[in-house]
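Shared between the two complexes below is chain A, which has chain B as its partner in the first and chain C in the second.
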Partner chain A sequence: MTPRYPVRIPRARVVVLDLAGDLRAEAREDLEAAYDEAASREPQTVVLNLSDVGYIDSTGIALLVGLLARARRDGRDVTAYGLSAHYRQIFTITRLSEFITIYDDEPSALGHVTASA
Partner chain B sequence: MPRRGWVSPWRSGPPASPPDPLPTTTVAFDPDDPLVEHLAQVAEPIALDRIDLDSPGVRALKAAGMALLVPLVTSGELVGLLALGPRRSEREYSTNDRRLLQDLATHAAPAVRVAQLVREQEAEVLSRQRIEQELHVARLIQQQFLPKSLPEMPGWHVAAHYQPAREVGGDFYDFLQLPGGQVGIVIGDVTDKGVPAALVMATTHSILRAEAARLLAPGEVLRRANALLVEEMPANMFVTCLYAVLDPASGRLRYANAGHDLPYLRRAEGVVELRATGMPLGLLPDMDYEEKEVRLEPGQGVLFHSDGVVEAHDPERTMFGFPRLKELVAGATSETDLIDRVLTHLAAFTGPDWEQEDDITLVTLSRTATAAVIGMDGPTDAAGLPPQARVLAAFTVASEPGGERAVLPRLAAAVDPLGLPALRRDALATAVAEATMNAIEHGNGNRPELPVRLVVAATDDAVLVTVTDRAVHGPSPEGPEQPDLDAKLAGRQSPRGWGLYLMRNLVDEVRTRDQVGGHTVELVLHRDGVAS
Partner chain C sequence: MSDRLPGEEYRAGRSSGERTDGPELPLPDDAGPIPRVPRDASYWAAPVQRLGAVSDAARSRGLEGKRLMGPQQGFGQLWQRNYRVPLPGVDLSAAQVVGEWKARFGEFWPSGGSFHAPLAGIAPGELAALDVGVGQLVLLSTGVFVLYADETSFTFMTPQGHMFTAWITFAAEEDGGTRTAEVSMLLRAADPVAEVAYLLGAARMEDRFWIATLTNLAAALGAERRPVVTRITCVDRRRQWRRWTNLRHNGGPRTLIHGFRAPRG
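This part shows the complex of A and B:
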């Protein structure tokens, strides 16, 4: 089965999940499949590309919490880029921003990964 | 051994069967027969031929061949009679015989009385069950025809209370959706009680609905309803009824009255009765009904009522009366809690042991705000908005998964003229979507036929959005527990449960209120607030 969300490996031990559309409860299976796919590459860092996500609601936040919990159990970092100011605010309100480092775009997200590697 | 005759008791019910197969004779006589009182006084065995009374009972007993009467008396009351034929030995009854019979009577009488009481009680229980059953049917009929929901109009508040007496009294009320967004309001009372009243109420209800759909003028509706009801009405019954038509846009209220209690209009200048003359429905053919009209301004309201309130009595038999009710209306500043206040005052007046004498029906209508409705496509509830609020939009969404997404473009269009900063606008949108999602899932239980109603309004200082569901599934199960990300990541809390938390952190105020048949979340975003 092809996951709805493409998974890319731009760097060694870095996987980018290109999320798209609405991030709501209905996206659970797709998101889990994408994470499974990413995890099979044994990355140190999972990067969430949210540039094409137009809508996140509380059930989408719950999915991100679930993904973050899995990644932390697996000992992986999670970062994200492409959030609008509004969703940055929501990441702050929910404190997700304390666990998911947020970057403006992909180069800065990957640049950070490289610098820290 | 004496021959025995069983005298049928003057209490109701057939005589008990004798315990042995000896022949018995039935002699019936009237409870008013002078013999009854005579035997109660004698209270001991007495020979029939020594009774000198002009009594059909005595004649009947003699004709049946009886000789000795043994009255069964207890507590001075004759409860039975043992009538004996002549002794078989053809000798007179001896003193010993009589003493024995008197002993027997003394012991038997209380037992007979107990048996009679038991039988009376059984009959009474049966009859009470029949009455209860009939009341139950009457209530069912009545409830069938009471409206299931209140009309919802932006800028208006409507409330209703119906409280049937134990003997269902025939009150009714109704709301009708009429062409052009107008709303018909009916309140009425059928004379008589129970099933007959409920059936007449059902007929009246149907006729009014049919006529109101064809005719807009209230006087004409009542004239036609009367003409049809006169033909159908059982003797000695009639219906009082007030019919009003409200145009919510202008506040114009047209009304006609078929002998019903006058509604009260509350204005700043005082309370006035809304008078219009007309005979009750179903009494006489060819009646005309005066039609009057009044314009309700914001802050004004009307109380429609049935006579169950004003005709309630206190323990000293003083009537509640119109002046008390009028005073309560005058003391109100809005109609939103008027029904509660009337019921509270009524309860204090009648005292705790009051058995409600008649049905009580109260309907309030008040104009809360100046509604400038844009893009309304469904019923809404603007109750509770401050009077100075302008309604920007009012609409409904079906309770289907994802219904909250459909709200967002409409919300965006409604608040666009306010020129909110983008971050504030987005914060409001997410908060409204979360409130709507809760309403769909928790309030309405994902039942697509139940609408979630949204009203978007603005004052100079704030944007207000109310989200109202039908509260069929109770409040959101998120409860008071604050979502804690550490606990969630450690698996000690469900990853979900963010909705209310997000709302509270995205807008400036989140208020909830429960009303009959609905739960409302009100979100307030201050217009001068800065993006947090």
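This part shows the complex of A and C:
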């Protein structure tokens, strides 16, 4: 069965989760499965690609907080890219942006990982 | 001197997708593509740096000028607490259940607490004042900010001075043909004192409070009586020690004074 959120490894110790569609309560199991898959690769950094996410409700934001908490517990960094201006606003009001560094695109996000490695 | 940034004050009833009323103007032919408005835009509150023009009820509870605090900004362990009740016999849609819940929110609270709904109701960007009794003598006075509200759910976020840094989501949905109502919290104790209180009994009080609320909601909607199912998960056991400085916002002393001065209700 094809996972809803594919996991890519663009370079060593970095995984990209390609999130898509609606990020709501129904996404919980798929998001947790995607993080489990990503964690099994033992990355230093988890990059969230939110380019194709079309809807986030407050439960979806809570799911991201849960993912962030798991990653921090595991000693991993979390960054994100592909957020529209609207979702950047939501990351600001929820203060999620204080914990997840946001980039415009994948090269910028990966460039940061290289620079900080 | 104000430390607020332009456009960052609290504005009652403003949501991030709100439009201004006015005549529609024709677009020029070369206006280009119209920016797509996200489907969830009108459900989220607009960004807030600090709570600004608050109601008298909120001001008397010391909420003016406070920042909002998500679960990431707290001190204690990160907990997810879910309370869910089936509503058998209720012939309302999820949107109708949530509509009733929003309109009569404070009525479903157990005795000892009071919820002062904003004039505009539970809508994105609104701030509500509240008092919660802790035992017979202590009345905690604080508030909650409406972070998100759609037809079938709404979410509160806590301000500085609240015992918890939390998001609290209220929702209704259909589960196997039966309507259900749910309260879902993601929270940390705000500071070391709150963490100790949480471990010594505040968590159990929180459980009793929301179980009673859901039981009252179910009864008011005419549901057959069913037990509230509770699910508690510790998402992150680590404490965020650098957040001990949240103590300076601890609302305990002020709310105690407010509690002695102000009558309940």
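The rule we apply is simple: the second predicted complex is superposed on the first by the 115 of 117 C-alpha atoms of A that agree within 3 Å, B and C clash if a C-alpha of one lies under 4 Å from a C-alpha of the other, contacts with A are read in each partner's own complex, and residues count from 1 in each chain.
Just so we're on the same page, contacts are C-beta pairs under 8 Å (C-beta built on N, C-alpha and C of every residue); 3 or more make two chains touch, one makes a residue touch a chain.
Only a predicted model underlies this, so the values are computations on that prediction, with no experimental measurement involved.
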item: Room on chain A for both chain B and chain C (clash or fit); value: clash
item: First, second, both or neither for A:T94, with chain B first and chain C second; value: both
item: Touched partner set for A:H86, first chain B, second chain C, both or neither; value: both
item: Which superposed partner A:D57 touches (first chain B, second chain C, both, neither); value: both
item: Chain B versus chain C as contact partner of A:A12, first or second or both or neither; value: neither
item: Common ground on chain A, meaning residues reached by chain C in one complex and by chain B in the other; value: 55, 57-59, 61-62, 65-66, 68-69, 72, 84, 86, 89-90, 93-96, 98-99
item: Chain B to chain A touching residues, read off their complex; value: 401-402, 404-405, 422-423, 426-427, 430, 433-434, 437, 483, 485, 488-491, 494-499, 501-502, 505-506, 531-532
item: Of chain A, residues touching chain B in the complex; value: 22, 24, 26, 55, 57-59, 61-63, 65-66, 68-69, 72, 84-86, 89-90, 93-96, 98-99
item: Residue numbers on chain A that touch chain C, as the complex places them; value: 25, 54-59, 61-62, 65-66, 68-70, 72-73, 84, 86-87, 89-90, 92-96, 98-99
item: Interface residues, chain C side, partner chain A - complex; value: 16, 38-41, 43-48, 68-73, 78, 80, 147-148, 150, 153, 155, 157, 167, 169, 171, 184, 186, 235-238
